[in-house]
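So the structure is just underneath, and the comments pick up after that.
First chain written, first letter: the chains are A, B, C and D, and each begins at residue 1.
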Amino acid sequence: MTVAVLSGFVLALAAPWLVRATGRAAGWVTALLPLALTVYFGSLLGQIGAGDALNVTHSWIPALGMQFSLYLDGLGLLFALLICGIGTLIFIYSGGYLPNDPHLGRFLSMLLLFMGAMLGLVLADNVIVLFVFWELTSISSYFLIGFQHSRPEARAAALQALLVTGVGGVALLLGVLLLGQVGGSLELSTLLGRGNEIRAHPLYLPILVLVLLGAFTKSAQVPFHFWLPAAMEAPTPVSAYLHSATMVKAGVYLLARMSPILGGTDPWVALVTTVGAVTMLAGGTLALLRTDLKQILAYTTVAALGTLTMLLGMGTADAARACMTFLLAHAFYKGALFLGAGSLEHGAGSRDVDHLGGLWRTMPLTTAAAGLAALALAGFGPVLSFIGKELLLEAVLAQSPTRALLAPAVLAGSALSVAAAAIVGLRPFAGTRPDELSDAQEAPASLWLGPVVLAAGGVVLGLRPEILAEPIVTASAASVLTRREVADLALWHGPNPALAFSGASLVLGLLVYRAWPTIRRSAAARTWWLSWGGPSRWYELGLQALSWLAESQTRLLQSGYLRLYLIMILITANGLAAYALLARVRWQPIVLQPAVQLHDAFIGALILLGALAAAGSASRLGAVAALGVVGAGISLVYISFGAPDLAMTQFLVEAFTVILLVLAFYHLPRFARLSGRTARLRDVVIAGVSGTLVAALVLLTTTARRDSRIAEYFAEHSVAAAHGRNIVNVILVDFRSLDTLGEITVLATAAIGVYVLLRLRPEKGSTP
Amino acid sequence: MRSLILRTAARLLLPLLLLFSVFLLIRGHNEPGGGFAAGLVASAAFALHAFAEGLPQTRRMIRVDPISLLGAGLLVTAAGGVAGVLAGQPFLTGQWVSLAPVGLGHVDIGTPVVFDVGVYLVVVGAVLTIIFTIMEEA
Amino acid sequence: MNLFLLGTLLVPLLTGIACLLAWRRRTTQRGLGLAGATAHFGATLGLLWTVASDGIQTAQIGAWPAPFGITIVADLFSAIMAVVAGMMGLAVTVYSLGSMDARREEYGYYPLFHVLLLGVSGAFLAGDIFNLYVWFEVMLIASFALLVLGGERAQIEGAIKYVTLNLISSAFFLTAVGILYGMTGTLNMADLARALSRTAAPGLVTTVGLLFLVAFGIKAATFPLFFWLPASYHTPPVATSAIFAGLLTKVGVYALIRVFTLLFVQDPGFIHTLILVIAGLTMATGVLGAVAQNEFRRILAFHIVSQIGYMIMGLGLFTPLGLAGSIFYITHHIIVKTNLFLISGIAYRLRGTYVLKDLGGLYRTQPALALLFLVPAFSLAGVPPLSGFAAKLSLVQAGLAGQQYAVVATALAVGLLTLFSMTKIWAEAFWKGDTGESAATPRPGSAAGVRPRGLTSMFMPVVVLAAVTVAIGLAAQPLFTLTWRAAEQLLDPTAYINAVLGSPR
Amino acid sequence: MPLLLAVVIGGLYATALYLILRRSIVKLLIGLALLTNAANLLIFTSAGLTRATAPIVPLGSDRPPAPFADPLAQAMILTAIVIGFGVLAFMVVLVHRAVQAVGTDDLDDLKATDT
C-alpha cells in the first residue's frame, strides 16, 4: 500500500524524461501506473468489501507524532478506486489533449504528483500525514490551474484556489491537532473509537468549526464555492480530474471520515446540512446563468458537492448510502461530461453552448457519451446516478425533523440538475449546425475513450449494481456509520414517494429548460449584486484590504526616517525599563559611598556642561571640541578612581577621535537648525526619560553590588602565575586575551572598512 | 599646515615619541601602558610627521603598507596563542622563559608579551590606515 | 582540549589573517577563502559530532580556570548553530567565486567575509557575556565593511541606518553587561547563572533582562526593533545579502535564546510571555511588510523579520518542544533563506534586475532555476513535506500544548501570507511574461544566448542547499532528535554550568 | 559619589540620545561618540568606585595593597574603548561619504533605500 501511494511521486519525478522518450504515446504510457493501481485496489475489494480494514505504519517523525501510517477501509477504497480508475482515463486523455505542448512532461508530472497526494489523502491514517497530502493536492492544483501561465486569468485563478483552500488547510491543521490533543491520538483508526469523549469535550465546537472550514473550502461549499468555477482556467483533463471527480471531493471525504468522530451532534447536523443544501441550490441556480460548458459543469459540480455534504450532515444510514452511491455516480458522469466538453472544444473549437449545435452527426461518439452522461446528470435512465437520486430522495423523505425544509430544497435541486443536463446534453448536439462549425470533426481515440468509458461505466453500474457498486457502497457507508448495513442497490424500487418526487423534478426541470433563455435575460438584470457583493467580491476586497493594510503599515513603520526608528526603539526600551523599575523592583536605601569631594563635583559639572554644549552647539567644530571636553572629563574620573591605564587610553583615543572628526568634517558649513520646536521637545522628553532610567539603574546596581571574587583572583595570580604587575594589562594580554584578540580584530577590520569606503567607489576607477 | 615650526617639531618629536611608545609597550606589563596606548603614541608620531612633511614622505619613510601591519600584527598575536596549543595546552596559554642576562637581574619573556607586540602592530597599522586614507581623501 | 572546538574559531581567524597578508592578490585570496571555508565547515561538523557523542565541550582559554578566564563552550545548540554557519560560509564562498566582481574581491571581500565568520562562530561559542559582546562587535564591524564594500549610494544609505541602529543595540548590550557585572561581579555565563539564581534583587535582574531583550531584539530584528534590516539588506551584492540573511539576525536569536534560558529565568511569567507577544507581532508585521514589496530581495528581507517571530516563539513558550521547534526553525530558516537570496542573485545575473515585474519568463527559459526556487520558497511558507513544515508544526504543537491559541493562529495565518508572497514572486518572475519580449531580452551587456560567467559555481550551492532542504523535510527525525536534545540541555542548564565550572564543590 | 556619577551618566545618555535623534547626520555621529563614553563610565561606576590605588602590584610584593580598584572592569572598559574607537572611526568615514553622496547633512535626504 505504501508503494502504491509513493509510486505516483516517483513517477512524477521521471515524467519529463518519460515524455521525451515516448513522445506522443506519453499519455498511454503514464496511464499504466494508475491502471496497475486500479487493478491492485480492485483486488482488495473482496477483503475490504467484507468489512476488513488494512493498516500499515512506518516511523516518520515520531517526535511530532507523525508516523507514515495508512488505513484502508471501505471509504478509502472507494476513493482510491475513483482516483486510480478515473486517473487512468485522464492520463490517456491528457496525452491526446496536449499532444504538442512542450510542457506536457511538466503537466503529467504535476498530475502524477496530484494523484499520489490524493491517494495519500484518502488512505492516510495519521491526521498530520493526511494534512500533508491535503496541502500537496492544493499545491498541485495551483500549478495545474496555472498551467497556461501566460494568461493572467489563469494565474489569478490559481492563486485564488490556493488561498481559499489554503485558509481551509490552515484551519484543518489546527482542527486535527486539537483533535489529536483531545482524543489522545493522531491516528484516525484510533480516533474513530473515541467519538463520544471528543464530542463531550469543551474544545469540540472549535474543532468542529475548524475541520468543517477545511472541508467546506476544499469542497467548494457556499460561500467558498467561487474558486471552483474560476479554476476552470485549468486544462480540461484537470477540470475533470481534480475539480470534479476527485480533489474537490476531498472535503466530502473528510466529512465522511470525521462523521463517526465529530458527527451526529446538533451543531454538526445544522451546519453541514444547511451549508450543503444552500450550496446545492446556489450551484444549481448559478449553473443556469452560464453558457460556457465548463462553467455550467463547474456549477453543477458545486451543486453535487452540496448534495453530498447535505447527505453527510443528515447522518442517517440511508443518507450515508445515498451519499456514497451518488458520489460514485457523479464521478463517472461528471468526468464524462468534462472530458466531452474538452473533446468538443478540441473538435469544434468552442465550449459556448450558444455557439454550438447539431454536432451529433460529425461527433457521434462524443455525442453518445455526453448524452448518456447528461441523462445521468439529470438522474434518469438506467444509470447509477438514478439509483443515487432515488436513495437521496428516500433519505430526505425518511428523516422527519428536517424533511419539511429539505424536501423542497432537494426537489428544486433535482429540477435544476435536469435543466442543466438538458442544456449540456442537448444544446451542442441537437438542432442545426451553425456554419462556423463546418470544420468540426470527431476527436481522436485518446479523447473519446475517456468520455465513452465513463458514460458507459455509469450505465453498467446502474444496470448491474451488485457487481461493483454494492460492495463498495456497503463498505464505504459502513465507514461513515461505524456499523455495517448491506446496501441493496437496484434501479427499480417500485412505485414509492421518491419516484413521485423524481417525476415531479423531471417535469419542473424541463419547464425550467424551456424558459432558460428568458431566465438568463431576466437574471442578467437581477444578479448584478452578485458581482457587487458576492463571495468572490469579498475575496477581492480581502486582497485589496490586505495590500492596503500591508502598505500603510509599512509606510508607517518602515518610513525611511532613521530618527523615527530610533524613537520607536527608545520608546520600547523606556517603556519596558520603566515598567520593570516601577513594578518589579523593590527599592532599598542607596549607599552613597564614597562621598563626593569638591574636585569630583567639578569634574561632574565639566562633563555635563561639555555634553550640553555638544548637544547645543551650532558649529561642528564647537560640538567636536565639546566632545573632547567630555572625554577629558571622563579621563579625570578614571584618574581619581584608580584607573591610570584607562585615563591614558581614554585621553589618547579622545584626541584621535577629535582629529578624525576635524579631518572628515573640516570643510562643512555650520549646522542648520533642521527640527522644529515640537520635535525637539519630544526628543528632549524621550532622551530625558532614558537618561533618568539609566541613572536609576546605576544607583540600584551600586546597592545590589557584591565584591568580585574574579578581581580577587586576578590580584592573587597576576604576579605569581602571569608574571606581570599591572593587573589590568595582564588581564588584557593573558587572563582575557581572547577579548583582546577580538578587539584588535575589530580595529583592523574597521581600518579595512575605512580604506574600502574611501578607495572603492563606483565613480572612481579601480586604481588601488 | 606645513609650517617650518611644525616640520621642525615633527622632526624632533618623531624619534622621541617612537622611543616613548616602545617604552610604554615594554613596561606595560608592569606599569600603566601597554600595546594599545603605545601603538596610539607611535601612530601619533607618524601622523604628525605626515602632517608636517606630507603623506608621500611619511609613506616612503615607513616603507611598509600599514595594511600589511594589520595582518602581521594579528598573525603575531594568533601565533603566540597557537604556541600554547602546540605545547598541548589551551589556546592563548602563556609560555614563559626566564632569562637572566648579565647585569639586568631576572627577566621573564613570555607569549603574553609577544601578544602585546601584536596588539601594538595592529594598532599602528589600523590608525595609520585610517588617518592616511582620510588624508589622501581630503 | 577539543581541536574541533578551537578550530571553529581559529580557522576563520587564520584564514582572515592569511587573506589579509595576501592583500591585493586576488587569486590567492579566492583559494584561501575556499580552503578556509571548507576547513571551517569541517571543524564545525567535527564539533557537532563530538558534542553529540561526548557531551558539552569546553575550553578554558589561556588555561585560566573558569570563571576567571574566558571559557569557550559548545553545547548542542551552539554546535548546531556553528554547523549551519559553517555550511552557509562554504556555500556562499563557492557562490562568491562565481558572482563577486573582481574589484570587490581585490578590496578585501575575503578577509572581511572570514572575519564575519569568526565573529559569528565566536558568538556561538562564547561562554562569557563580555566575550559575547566582543564577538558581536567583530561580526558587526565585518558586516559594516561588507555592507559598504563597493560604495554605491544605496549601500551607503542603507549602511547609515544599519550601522546606527546596530550601534544603539551594542550600547544597550554594553550597558546591560556593565550592570550585570556590577551586580554579580562575574562575567562567565555559567557563573552568572548561579549568581542570578540566588540573587537578592530579582526585580533588578528582570530589568537587566529587558535591556538584553532590547539589545538582542534589535540584532535579531524583532518587532518593533527591526527597521535596520529592510533598510539595508537589499543594497549590497547578493552574496553579501545572502550571508547576512543567513547568519546575522540568527546570532541575535541565538543570544536571546541563550540568555533567556540560562540567565534570566527568574520571571518567565513576565519575560517569556512578553517574548511570545513580540513573536506574534514580529511574524505579522514582517509578513505584511513583505506583502507590500515588489522587489525580489526586499520581499525576502521582510520575510526574515517575519520568520524571526517563529524562532523566538519557541523561546516564549519555554517548553522542550517549543525550544526544539525554535532551533529546528533556525536551522531550516538559515538554509532556506540563504538559498532564496542566492537564487535571487542568479535571476539578477540572468536578467539584470531584482524588480519582479521586469524579471518575468524565467519558468520558460530556466526551468531548473524555477524548480530550485520552489523548494526553498515553499519550504519557507511551511508547505509540507519540506523542512519548514516540520519546523512550523513543532511550534504549533508546542503552542497548542501551552494553550497559546492566539500566537498559534498568528503563526498559521502568517504562514499562509508567506505562501501568498512566495507565489507573488513565482507568478511575477517565473510564470509571467512567457510570451512577452521581456523574456527574450538578455541581460544588458551580455550577448544573446551567451551564458553569463560564473553560473556554474552559483548554481552549485543552490542545488546542494535545496537538496538539504528536501532531505531535512522528508527525514526530519534525526535533526529533530538533535534539536530536542539541545532544547533539553537549554531548559536544564545544570549540565552546561557543570561543564564550564566543574561540578559544585 | 555614586549619586553624582549616576546623574552624570544619566545626563550623558540623555544628551547622546538627544543628539542621535537629530536630523543632522553629524550630530548623530557625535551622539554615538558620547554614547560610547557614557556606557564606559556606566561600567566603571557600576563595578564600584574605589578612591584608592590602581590595581598594580608594587615591586617586591605579590599582590596589590587593598583596597584596589576593580581591574576587570578596567580591562573591560579598555576593550570597549578600543572597539568603540574602531567602530566610530568607521562611522565617521561612512558619514563623511554619505554627506558627500547626498550633498547635505540632512538625514531626511537619506531614505531612498526604504520603501
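Everything that follows uses one rule, which is that a residue touches a chain if its C-beta (ideal position, glycine included) is under 8 Å from a C-beta of that chain, and two chains touch if they have at least 3 such contacts.
Predicted model, so just to flag it, every value in this text is computed and none were measured.
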- Query: Looking at A-C and C-D, which pair shares more C-beta contacts?
  - Reply: A-C
- Message: As a quick test, compute the distance in whole Å between the mean CA positions of chain C and chain D.
- Response: 28
- If you average the Cα atoms of chain A and of chain B to get two centres, how far apart are those centres in Å? 63
- Note on the structure: Chain centres from averaged Cα atoms put chain B and chain D apart, in whole Å, by 24
- Item | Sites on chain C at which at least two other chains make contact | 13, 16, 20, 61-62, 130, 134, 137, 141, 144-145, 148, 151, 153, 160-161, 164, 168, 175, 179, 181-183, 187, 230-231, 292-293
- Multi-partner residues of chain D (at least 2 other chains): 20, 28, 40, 42, 45-48, 54, 56, 72-73, 76, 78-79, 82-83, 86-87, 89-90, 93-97, 107, 110-115
- Query: By residue number and range, which residues of chain A touch two or more other chains?
  - Reply: 554, 558, 560, 562, 566, 644-645, 649, 653, 656, 660, 664, 694, 698, 701-702, 705, 707-708, 710-711, 714, 725-726, 728, 732, 734-755, 757-759
- Message: Which category does the touching pattern between chains fall into here: line, ring, star, complete, or other?
- Response: complete
- Report the residues of chain A in contact with chain C in the complex, numbered from low to high. 59-66, 106, 128, 131-132, 135-136, 139, 142, 146, 149-150, 152, 155, 158-159, 162-163, 166-167, 170, 173-174, 177-178, 181, 546-547, 549-551, 553-554, 557-558, 560, 562, 565-566, 568-569, 572-573, 576-577, 580-581, 584-586, 694, 697-698, 700-711, 713-714, 717, 734-739, 741-743, 745-746, 748-750, 752-753, 755-757, 759-762, 766, 768
- Message: Give the list of chain B residues in touch with chain A in this complex.
- Response: 28-37, 40-41, 43-44, 47, 66-67, 70-71, 73-74, 77-78, 81, 91-92, 94, 96, 108, 110, 112-113, 115-116, 118-119, 122-123, 125-127, 129-131, 133-138
- Within their complex, chain C touches chain D through residues 130, 133-134, 137, 140-141, 144-145, 148, 151, 153-154, 156-161, 163-164, 167-168, 170-171, 174-175, 177-179, 181-183, 187, 230-232, 234-235, 292-293, 298
- Could you pull out which chain D residues touch chain C in their complex? 20, 25, 28, 32, 35-36, 39-40, 42-43, 45-48, 72-73, 76, 79-80, 83, 86-87, 90-91, 94-95, 97-98, 101-102, 107, 110-115
- Item | Complex contact set, residues of chain B against chain D | 30-32, 36, 126, 130, 133-134, 137
